[in-house]
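There are two complexes below, and they share subunit A, which is joined by subunit B in the first and by subunit C in the second.
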Partner chain A sequence: MLRLVGLVLWKDLVVEWRTREIVSTMLFFAVIVMLIFSFAFLSEGRASGDAVAGILWTAIAFSGTLGLSRAADRERDGDALRALLLSPAPRAALYLGKTAGIVIFMLATELVVAALSTVLFGAALSAHAAELSGLLLLGTIGYAAIGGLFSLMLGRARSRDVLLAVVLYPIIVPVIIAGSKGTSSLLESIPDLAAARYWIKFLAVFDIVFVTLALWAFEPLIVERG
Partner chain B sequence: MFDHVTVEGVTKVYGRQRALGGVSLRLEAGRLCALLGPNGAGKSTLLGILSTLLRPTGGEVRFGSVQHRQAGRTLRGAIGLVAHESFLYGDLTGRENLRFFERLYGGGGRAQTLLSRVGLDEAADRPVRTYSRGMQQRLALARALCGQPRLLLLDEPFTGLDSSGVAALRTLLAELRDGGVILMLVTHDLAAAAELANHVVVLRRGKVAFDHAQSAPFARLDEVYAAHA
Partner chain C sequence: MKKMFVLTLSLAALGLLVSPWLILRAPQESTMGLVQKIFYYHVPTAMVDFLTIYLCGIASVAFLVKRSPRADALAVASAELAVVFGACTLWTGSMWARKAWGVWWTWDVRLTTFALCEMVFIGYLLVRSYGGPGSRGLAAALALFGCADVPLIYVSVSIWRTMHPQTTVVPNLVKPMAVPFWVAVFTMLMLYLALLLARLLHERNRTRVDELYVAAAEAGLEE
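Now for the complex of A and B:
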């Protein structure tokens, strides 16, 4: 099982290394979002902790949607998803491999976005790097777990990019709230570590629930059941 | 694994559109079944059901003693499908594609053999997106053979192939047929199918209009088609 998860992940990483399509698109979009918000929220060279957290997670959510769409497009080109589903590999391994790829692409983008937040808004993100990393990692896993499922599920649907946002955002609202609340608590003048850890635990529970649900739902949602 | 596939009264309905209306037939090892019919007759739908990627609305499909609804990993691994789309990753090379799918099928080490068999030795290390339609078709066939299938389903496999490609594919399919693989070939190229098929099924409006198997390939498929399609 793990070998097959790694195989699917390897395939996505090799393709991304050659095309640099997903990460560069996500990065470009995330940076634009950050720059636009910087004009709105910067005051005397700084922005409030709440604003920085909101901007960071908004950039992650929006750029993540682009990444999800493109990652699913790779399986639609040449209808390769059908070949994956036709193979004897466990469908759970296919899902986990795809999701792991999305997580890595999103984390790569978040690294740059977090660094940019420090530069643009003077946010002290590195002061509590472990807690921030926990929030970003767990938030990204939750986002990718649901987004990966929906982006593949929408398959060849017309307006799938719009539909993805419509079905995804209502469900990932808790991820965005937890991520931004947790990040905000780290950026207060006196960081509230207890609050940050609460939101980390919240995200961990969210991830366990939704990864389990997605594993259970992947096959019936993706494979045609007529 | 299985040496025959039985289709009994299979129907498939998409919304109000009936694609298949009670199809029954039997496919056997060592036979190449040419599935013929005009556009919209339900050929690709039947192939989709046999590949286990589509579930029939009604009726039953059995792979030996295994029912369609019980289709699991082992059964999926015994089915190869060449469809309209290539099922390949354009940014991987031909060799990488085959290695990837081989490993998905739990095997390994046959990529080079398969590449040679479909005549893609020289292009093996080029990205698939640089391949011509015919080369992609050859690689798609090699991919479908990765799992050493018992049932090989081919939807218009001659599309895009040059004359040498068509000849090589005919030879390969004849070898597979004689080697005991169950083959179903959907094609409008009646001349190409005529040399290979020893079982012909004609679908018309989702129903079987003609079904006949014989020991030798059919000499004049065009006449069969004209009479029944």
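Now for the complex of A and C:
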């Protein structure tokens, strides 16, 4: 099972390494979102901790949708998803492999976006790198677990890009709230580490619930779609 | 099903006649006065909204497991009513907020998360309309995930500060207030059941028409 997850993941990583399409477009979009928000929230060259956290997580959420759409498009081209489904691999392995790929692409983008936040907004994000990493990793897993499922299922819909945002954003709002609140508690003048750790636990619970549900739902959904 | 529809509709109509009278006769709450009477319809619509959200979730799971058209019809009817009762809850809550807090809307956690639940079920209907092949399953997954989001509302309320009155209000109501409240709950429940049955009857008739159309086409009766 783990080997098959690794194979699906490896396929996505190799395709991305050759094209560099998903990460580069996500990164470009995330930086543009940050710049646009900075016009609204910067005051005298600095932004408050709440604003930096909000900008960071909004950029992650918006650019993530772009990555999800493109990752699903790749499976639609040449009906690649059907070919994957025809293989004897367990469906759960396909889902986990695709989701792991999305998580890695998003984390690569987030690394650069977080570094840029430090430079552009003077945010002390590196001071509590362990807590920030926990928030970003768990938030990204929750986002990708739901987003990966929905983007694959919307493969044939005409207005799939619009519908992905429609179905994804209301569900992942707890991730964005937890991520931004946790990050902003790290950026306070006296960082509130207890609050950040609470939000990390909240995200862990969210991930467990939604990864379990997505794993269960993937099989019946993919059967209907296929 | 038709008999049940007539019965629930009659009981809902009776409740809608009686409950305003009972609410007017109920004692006024000391701090909020007349505005507090919104509570008698606001809370029952919220309760029925949660009921229909969970019914939609359960029907969606049944659809994903058994592919039953009945479960699908129940899920879509429940989702439509979740949007209707959610909108009623948000509207009555907004009127309360205007009088109690001086604003139509506040970013109170429960208000925000309730609005998000409403968005989930509007999303459900959009997916059903424009989702293309496989949209029934996708909408079912969305309903399932939406239901899993609901407990987060309560978790978040207990963790964050909130302006919203706490949920301990209902069990502690004095009897002259409890009677009109539970009559209003019963009324909303009957109204909900009547609307649900009407929607299910409509879905059943639509399926029959589709089957007749296919049968006519196969028999060469279609022009």
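Note that the second predicted complex is superposed on the first by the 224 of 226 C-alpha atoms of A that agree within 3 Å, B and C clash if a C-alpha of one lies under 4 Å from a C-alpha of the other, contacts with A are read in each partner's own complex, and residues count from 1 in each chain.
Just so we're on the same page, a residue touches a chain if its C-beta (ideal position, glycine included) is under 8 Å from a C-beta of that chain, and two chains touch if they have at least 3 such contacts.
Quick caveat: nothing in here was measured; it's all calculated off a predicted structure.
Peer 1: Is A:F210 touching anything from subunit B or subunit C once the two structures are fitted on A? First, second, both or neither.
Peer 2: Once the two structures are laid over each other on A, A:F210 reaches subunit C alone.
Peer 1: Just checking: does A:M153 make contact with subunit B only, subunit C only, both, or neither of them? Give me first, second, both or neither.
Peer 2: In the superposition, A:M153 contacts subunit C only.
Peer 1: Looking at the overlay, does A:V14 come into contact with subunit B only (first), subunit C only (second), both, or neither?
Peer 2: first
Peer 1: Figure out whether A:P170 sits in contact with subunit B (first) or subunit C (second), or with both, or with neither.
Peer 2: second
Peer 1: After the superposition on A, what does A:L221 contact: first (subunit B), second (subunit C), both or neither?
Peer 2: Only subunit C; A:L221 stays clear of subunit B.
Peer 1: Using the superposition described at the top, list the residues of subunit A that contact subunit B and also contact subunit C.
Peer 2: In subunit A, residues 224-225 are touched by subunit B and also by subunit C.
Peer 1: Which part of subunit A faces subunit B closely enough to touch in the complex?
Peer 2: 3-4, 7, 11, 14-15, 18-19, 74, 77-80, 82-90, 223-226
Peer 1: Which residues of subunit C touch subunit A in their complex?
Peer 2: Touching subunit A from subunit C are residues 64-65, 67, 116-117, 119-120, 123, 126-127, 130-138, 141-142, 144-146, 148-149, 152, 155-156, 159.
Peer 1: Using the touch definition up top, name the residues of subunit B that touch subunit A in the complex.
Peer 2: By the definition above, subunit B touches subunit A via 12-13, 48, 51-57, 73-74, 76-77, 79, 81, 83, 85-92, 96, 100-101, 103-106, 127, 143, 147.
Peer 1: Help me check something: in the complex, which residues belonging to subunit A touch subunit C?
Peer 2: Subunit A reaches subunit C through residues 146, 149-150, 153-154, 156-160, 163, 166-167, 169-171, 173-174, 177, 198, 202, 206, 209-210, 213, 217, 220-221, 224-225.
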